[in-house]
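Lettered A, B and C in written order, each chain numbered from 1.
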Amino acid sequence: MLTSIMEQLINGLRTGSIYALIALGYTMVYGIAKMINFAHGDIIMVGAYTLYIGIALLHLPVLPAMLLTAVVCSVLGMLIEKIAYKPLRKAPPLAVLITAIGMSYFLQSVALLIFSSTPIPFKSVIEVEGIQVGTVNISGITIVTLAVTTVIMVGLTLFINRTKAGSAMRAVSEDRGAAELMGINVNRTISMTFAIGSALAAVAGILYICQYQSLRPTLGALPGIKAFVAAVLGGIGSVPGAMLGGIMLGLIESLSKAYISTELADAIVFGVLVVVLLVRPSGLLGKKKLVKV
Amino acid sequence: MKKTSNRQVWFNIAVIAAAYVLVTILLKGNLLNRQYTSLLVPIAVNIMLAVSLNLVTGFLGELTLGHAGFMSIGAYTGALISLNLGKTEVLPAPAAFALALLCGGLMAAVFGFLIGVPVLRLRGDYLAIVTLAFGEIIKSVINSMEITNGARGLSKIPLYSNYTNYTVVFFLMVLTVLAVTNLMKSRDGRAIMAIRDNDIAAESIGIKISHFKVKAFVIAAFFAGVAGVIYAHNVGLLKPGTFDYNKSIEILVIVVLGGMGSIRGSIIAAIILTVLPELLRGTDNLRMLLYAIVLIAMMIFNNSKIKEGLMMNRTFRKLGRKEA
Amino acid sequence: MALLEVKNLGISFGGLKAVDEFNITIEEGQLYGLIGPNGAGKTTVFNLLTGVYRPTLGTITLDGKNLVGKGPAEICKCGVARTFQNIRLFGKMTVLDNVKTALHNQVKYSEAVCFFHGPVYKKKEQEMTDMAMDVLKVFGLDGYGETLASNLPYGQQRKLEIARALATNPKLLLLDEPAAGMNPNETAELMDTIRLIREKYHITILLIEHDMKLVAGICEYLTVLNFGTELASGTPAEVLNDPKVITAYLGE
């Protein structure tokens, strides 16, 4: 019994770390551009397909293929912002939201046209031996996922708090107009945010695909939405909140799948979102905003 | 003032009558092949869905991504009534269908209320995402329930509303469109639009925001539910997967293409976007791409300098005013 | 009895006391001015009076009825209407519909009529249109009935906002910098209109202004607000000669 609970917790931690990586992208973009980038989940899908192209079609070694994935996703993220979101900076939020949904749909349908809806099997590129702690088995991919996520989170926190580019990001998210007046290049900061967020999504995509080993054009949608739930849970706009929310969501999901019902696990996850938003609309670590009249 | 509104009424009646006569001639004269005949009811269903979504998204100004959820509640409720009462001949077919329509709409409205009340505290992005979540919750609950037959779905639903009964379907569609059009020209409709344009000002002149937001949600859910009942009794089988996020987006695309807050636009766009995929048959994947491009292009165009330029132009301004 | 009595009103945002120990008594029919330097808390007072913010302290009574704890919509029903510093019109609705929306609680009909129209609808809507046109006429906006509110020129948008507030049939009308952004001619004209509506509709007006000269010309009584507290109150002549007021405006 204890072993099974431990295993579920570790599973949850692994899925949760992936959610946290994706949630970071949502939260950073929301902080800077004040919009929900609906297409963020589909960047994961693009990342997964890029890795597949790199490894299976171009026969690249693992590391260059991963690098290619990160670069492609970053460039794509920046392009999406430039083409679709930048013209709408002054538009009503509803218009931006609909555009983002359109962008998500666009990426999915392009993938559908190129790769068709038949799932493509994909063998994990992460070949690390699992370990045995007492009676609990920890798979190699879990170890890698946890290690990679920890490194990224520490790195990102340092980047945001200790570097000049990071403080520019914080400034733009606080007050775009004032940041511009202080000589910060707002366009470049926004581009950079999209690039970093998309690179994180690429990493998440690699880890996700090595876990599930099957490619579909819609594979990014569900983890995307769940990561969004995680970002909201933690308080959107808050970086530590995204990490906390991701891990919590992973644990909730894994435990409800194991002990309540597989079919209802998604419903439970979304139920958590609804409850959190109703009880604490700004999330666990989010700041409350006052509307000025 | 009065004269123009009377003329408008007669014009609308003439258009409705002409549309009905056209459909009758097309059907009775066997001028349509089977493929197009089978599109008549889906067009009506999509018009009803788009007009009702327009009420929330175009007139109230809140994006909901769970409209397909309301549709599925209506569809399942209606189908279960017909299967248990109509098919077993407890009730004659017309009575069973009427009951199915009413209960389907009401059940969806109840859910609209249940969802509307809590999400009142949210707006914009959050509201959109919560409605999306609700849509998915409804889907997975239907998927895991016994009465709805889970993932296998319901089948052999009596075809009360297929093209042979197009008069009923046409009547229901006209009723929906008129109800929403009339509503928007009334006291309640003005309150709803006022909330969209400026909620703080609306409150300051004595409009209870929560009341009208919930009302808009409930009315929209009701009509989506009725549309769902018609859908169920046209195709004869239901699967929970039909009513997913993609269906909600499809309805949203219709509303956006037709113009948010324009009922006439919603109707025209619903017809185009139901017939077009049929014309481009076999290119289902292209259809999704087309939807995506429509969404993005419409939004960028609506907020661009090109549109501003057109609006400055006199003739276009006149057109714009008529639309409003 | 005074129409509006505010006692010890206070609100703080995260420790900052935006308004503190604010008192005001307005008699029926008065034209009262609330003035003060930028950031003195004038608009915050309006937001407290109209229920946008909930006061942390103090009482607000209108005609003997307590207003604290009521929401903006309810307070409007009690007879307080307002305009906003940054104009808040229903931009995508016509000028006429803007005013008709404000008649929401005065001319009513049932939901069934909303959906199906019919003779009741015609009669009530005509009644609303007539009432709205009457108000628009006062502001010289009756020729713009079918124009979208957002297409009106700036000065007329300000007027429409006042017209809309008036249409709610208030006892007390709060005007937040009604002359902001207007040229001297437009301002003078607006002040005439404000006097006129007070006579015509028998209402009490509380107005915020920045420009002391302007307020002195029209208001019978003034309260000066500085750093969220009352600095001085009295007739314009008394207040404008008060050394404390001069210091607050011009500095030491």
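We adopt the following convention: contacts are C-beta pairs under 8 Å (C-beta built on N, C-alpha and C of every residue); 3 or more make two chains touch, one makes a residue touch a chain.
Every value quoted in this text rests on a predicted model; they were computed, and no experiment measured them.
Asks: Of the chains present, which has its C-alpha mean closest to the combined C-alpha mean?
Replies: That would be chain B.
Asks: Can you name the chain that lies farthest from chain C, using the mean of each chain's Cα atoms as its centre?
Replies: Between chain C and every other chain, the largest centroid distance is to A.
Asks: When the C-alpha atoms of chain A and chain B are each averaged to a single point, how far apart are the two points in Å?
Replies: About 33 Å separates the centre of chain A from that of chain B.
Asks: Rounded to a whole Å, what is the gap between the Cα centroids of chain B and chain C?
Replies: Here chain B and chain C have centroids separated by 40 Å.
Asks: Report the inter-centroid distance (CA atoms only) between chain A and chain C in whole Å.
Replies: Using C-alpha averages as centres, the distance is 48 Å.
Asks: Where in chain C do residues touch two or more other chains at once?
Replies: Expected reply: 52, 84.
Asks: Two or more other chains in contact with one residue: find those residues in chain A.
Replies: 293
Asks: By the touch rule stated above, which residues of chain B touch at least two different other chains?
Replies: Residues 200.
Asks: Residues of chain A touching chain B in their complex?
Replies: Those residues of chain A that touch chain B are 35-36, 84, 87-88, 90-99, 101-103, 105-106, 108-110, 112-113, 116-117, 221, 225, 228-229, 232, 261, 263-264, 266-267, 270-271, 273-274, 277-278, 281, 291, 293.
Asks: Which residues of chain B touch chain C once you look at their complex with the stated criterion?
Replies: 1-2, 179, 182-183, 185-191, 193-194, 196-198, 200-209, 261, 321, 324
Asks: Where on chain C is chain B touching in the complex?
Replies: 50, 52, 71-73, 76-77, 81-82, 84, 88-94, 97, 100-102, 104-105, 107-109, 111, 113-117, 121, 124, 126, 129, 146, 148, 164-165, 167-168
Asks: Considering the complex alone, what residue numbers of chain B touch chain A?
Replies: Contact set of chain B toward chain A: 57, 61, 63, 65, 118, 121-122, 124-126, 128-130, 132-134, 136-137, 140-141, 143-144, 200, 245, 249, 252, 256, 260, 285-286, 288-289, 291-296, 299-300, 302-304.
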